[in-house]
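Each structure below is given as structure tokens.
Below are two complexes that have chain A in common, paired first with chain B and then with chain C.
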Partner chain A sequence: MSAALTRIFAIARITFIEMARLRVFYVLVLFALALVLGSSFLARISFQQELQVTEDIALGAVNFFLSLLAILITAQLLPRDMEDRVIYSVLAKPVTRFEYMLGKFLGVVALLSVSAIAMSLLCVAIIHLREQTAIRETMAQMAQSTPADRAAALRGVYEAGAMNRLSAALAAALAKGIILAALTLCVSSFATSSVFTISAMAMIYLVGNLESVARDYWLHQQVPSVLARAFLAVVTFVFPDLQAFNLTDQLFAGAVLSSDLLLRLAGLAAVYTASYLLIAMAFFSQREL
Partner chain B sequence: MSEAAVRLDNVSKVFPVPLRRRVNVALRDLNLEIAPGEVYGLLGPNGSGKSTTLKIIVGLVAPTRGRVTIFGRENSVVATRRDIGFLPENAYFHKFLSGEETLRFHAKLGGVPAGGIASRANELLETVGLTHARHARLGTYSKGMLQRIGLAQALIHKPKLLVLDEPTAALDPAGSHDIQNLITSLKREGATVLLSSHLLTQVQEVCDRVGILHRGKLLRQGRLGDLLGVANQTELVLENAPAELLAEIEREIEASGARLIARRQPQSSLEQFFLNVTGQPDE
Partner chain C sequence: MKLILVLALIMAIFIPAKLELESYLSRGDAPLKLGVRERIGQSAYVAVLGGFRSVIADLLFIDASAAWERTDWTQLLLRLRQATELQPHSIMFWDVAAWHMAWNASIAAERDETRAPSARLRASREYIQLGRDFLERGVAHNPDQPQLYEALARLYRDRLHDHARAAENFYKASQLPGHMAYDERFSAYELSWCKDHEHEREAYERLRALYLRGENERLPTLISRLKFLEQKLNIRPAERLIR
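The block that comes next holds the complex of A and B.
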């Protein structure tokens, strides 16, 4: 058991190192960081809205780049190893295909987590700076107001900043990246080229972001038959409901981010990820190398 | 009788040809048995099924029919690979890792205990002559250097059976000479070696037994001496023999009724000459 863990972590570690040394990784992360940085300059309206717009842009950037990173990097894992015949020397060691796939996946998860943390730190730092500026400006403007008014205004600023909702949204973005990575691995376990995998994933990404709208519409418009429900279930499984993980909207609507909602999202992410990985392994164990 | 190191019973492999009704038969009813401690050479023209056979033995490719056992165990069991070291043909490995990182990685996979990994990696870098390039990324390695790293990763967990697909392809004469010596010394330590090659002279020098594959069928196999020996001829090579002695020998031969077929001066091989020239110290 512990020997198996050693092998899985060795593969995860090498996968992480290999991808972290890829140029595409740096370009993507630097670009995302630049966008997060730039978000505060892109948003110069009034200070409350400014805070919100800054968050909107920064979160959008983190969301998009984590998804992009997850798809682009995972799509290359198997084709690269097959092309370089690395897979032969690895699987000729006492390594099961299950351990190999799990190791690869954990490597991606580690890389996504590190990128997410880097982006999040910058995000939080920028929002915090904005918040401080907003507070200073508010206090200067309200020098003549009563203490009660000033306290209310302060609360307004903190509301807009909403650090705990911000971190929830960032965590959800990471969860979405992990689901996409598992699904990409699943597609590439039977695909013959990374171009195919990336195209398929681009489609799944688009549909996954729109499907909740279509589903709600359909479910509300007509009484769904059993068949329609089954069909919807399949579609929902093949195209994971990515919109559910975009917490930015909830953040602005002022919805309460209950621990209930977060737990449900975590559960959903775990189920999607585990199922995709199992399917990926089933395909990969049959695959002719 | 001891257990065979490798045993193939009626192994066939059929590759489907995509979008066609046809199939490509890579191996037909192959039977092969390699004894522990033996060095076996698999020969055959391009596309005859050598690599496919080796991949089936290692367990990377599943045979369509037939059975493969390694030291008596079914090779579909992953644990049998603890005993196998495999060098794939034209392997590249992770371009972004250095030689040392590559070896440490494979040592972990092969189950080398954590405490012994560093020393084992150093030892093998030394063995394959890559100590000077240990920190360079494999992307910068030459073809022959990659081949050497490939050999090192195959040996890292001290396997009892070595499966080498064209181990000396891309190596310079000194390198392929080193590998011949390495194989010989591994054999002395009791390892079993199965290799494929197109370099017949080398195969002749290191292998105990050879098999010739052609279009997926094993046409001939046997001990080299049995296959190649010319039973009724003998070769003498003399050094510093005076002319009188030679004349006398020839008279004796004539008297005995035997026939002298050829008399020639042995030439040193181009390989030996190359090794002498390049083996001299540089500075």
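The block that comes next holds the complex of A and C.
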């Protein structure tokens, strides 16, 4: 067991180093950091609610680039190893296909986590600075108001920039990235090229954001056509509900993100990741190399 | 065959958990209306479907601010409608949209010398109604948020001069958590401006109760309105609080 774990972590470490050397990784992370930084300047155009705009754009940038990174990096894993013939020398050693796939996946997860931490630190720092500015401006504007009204106005600012909800949204963005990496690995396990995998994932990403609509129709609405009903069922069963991981909308609404909700979200991420990884391994175990 | 069996087994294990968790997590989501696509355009709609709904709403709102700076009221109205439709739970969007319509656009229409006086008045009233419509829709989407009732009360007070409705909305705001400390007081002030005896009597009772609550509530406006009502309602000198 410990030997298997050692092999898995060795593959994960090498995957992490290999992927971190890719130019696409640096380009994407730099773009993300630039956009997170730029959110602060873009927000100034909006006259009001600067804090909210900063949060939305920064979180949107983190969300988008983590998803993009997960798809682009994972789509290259198997085709690169096959092209360079690395996969043959690895699998010729006492390494099972299961260990190989899990190691590859954990390497991507480590890379996504490092990227998410870098983006999140910048995101939180910018939102914190914007929050401090908003507090100073609110105090200056309400200098003549009663302490109760000042406290109510400040409560609004603190609620808008609540760090615990931001952390939850950032963690959800990382979870979404991990799910997309598992799903990309799943597609990649039977695909013949990385171009096919990336194109398929672009479609899956869009359908994943609409999965809740398909599920709602399939569960609660009357759909007369059998074919349409079968299609909705396939979308509901196979695709992940990516919209569930967009906590930015709920932050916007000022919704309370309960620990129960966050736990269930983590559970859903675990269910998706485990099922897509198992399917990927099932396909990969049957693949002729 | 073996692969199909393995896939069927994986799906049989995970699908029930997937459906259960997804159904729980999707409760309370604001559904996207189908008409949004026509209103925001194809590219923005794809971005909305891609999970960037709040970012698109923000960009539309920024564009609305640019339209306001150009005093392009038609574009402003369009952008504000799009932004509020994409993010109906953003209180600030509804509040600012109503302010732009009922104050900025309406006053600009009042002062538009290229139009006849009757046309100016009609346009100004239409913009005020648009502002009220934004707030009423905002309240319908967010019935537990006091800020929108406060904004509606200000609109009735300052733009429509309907003191009874203003009092009603300040009062509704005062009953919700997170309301401003002045809501209850302002509700009583507005009632005191109503001309009918029934409202004046109610205003008197409320102002009296606030006065008796302690020094913090005894503000100059409250004292002056209470004094006015004591005289108007012929309150017996022994019962008067303001002498």
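As a convention for this text, the second predicted complex is superposed on the first by the 265 of 289 C-alpha atoms of A that agree within 3 Å, B and C clash if a C-alpha of one lies under 4 Å from a C-alpha of the other, contacts with A are read in each partner's own complex, and residues count from 1 in each chain.
Definition applied: contacts are C-beta pairs under 8 Å (C-beta built on N, C-alpha and C of every residue); 3 or more make two chains touch, one makes a residue touch a chain.
None of these values were measured; they are calculated from a predicted model.
Taken together through their common chain A, the two structures put chain B and chain C side by side without a clash. Note on the composite model: angle chain B-chain A-chain C, taken at the C-alpha centres, equals 170°, rounded to the nearest 10. Applying the stated contact rule after C-alpha superposition, one finds that A:A233 touches neither chain B nor chain C. Of the two partner chains placed by the overlay, only chain C lies in contact with A:Y272; chain B stays clear of it. Look at A:S212: by the touch rule set out above, it reaches chain C but stays clear of chain B. Of the two partners chain B and chain C, more chain A residues are in touch with C.
In the superposition on chain A, contact is made by A:T6 with chain B only, not with chain C.
Looking at the shared chain after the overlay, A:I117 reaches neither chain B nor chain C. Look at A:K93: by the touch rule set out above, it reaches chain B but stays clear of chain C.
In the superposed pair of complexes, A:L289 makes contact with chain B only, with no contact to chain C. When the two structures are aligned on the shared chain, A:R155 is found in touch with chain C, with no touch to chain B.
Remark: least CA distance from chain B to chain C after fitting both complexes onto chain A is 16 Å.
Taken together, the two structures place no residue of chain A in contact with chain B in one case and with chain C in the other. Per the touch definition, chain C reaches chain A in the complex via residues 2-3, 6-7, 10-11, 13-15, 17-19, 21-26, 28-31, 46, 49-55, 57-58, 61-62, 65-66, 68, 87, 89-92, 96, 178-182, 216. Chain A makes touch with chain B in their complex at residues 3, 6-7, 10-11, 14, 17-18, 21-22, 84-86, 88-96, 288-289.
On the side of chain A, the complex with chain C involves touching residues 42, 45-49, 52-53, 56-57, 59-60, 63-64, 146, 148-149, 152, 155, 205-206, 209-213, 215-216, 219, 236-237, 241-244, 246, 248-249, 252-255, 261, 264-265, 267-268, 271-272, 274-275, 278-279, 282-283, 286.
Chain B meets chain A in the complex at residues 15, 55, 58-62, 78-79, 81-82, 84-88, 90-97, 101, 105-106, 108-111, 114, 150, 153-154, 157, 163.
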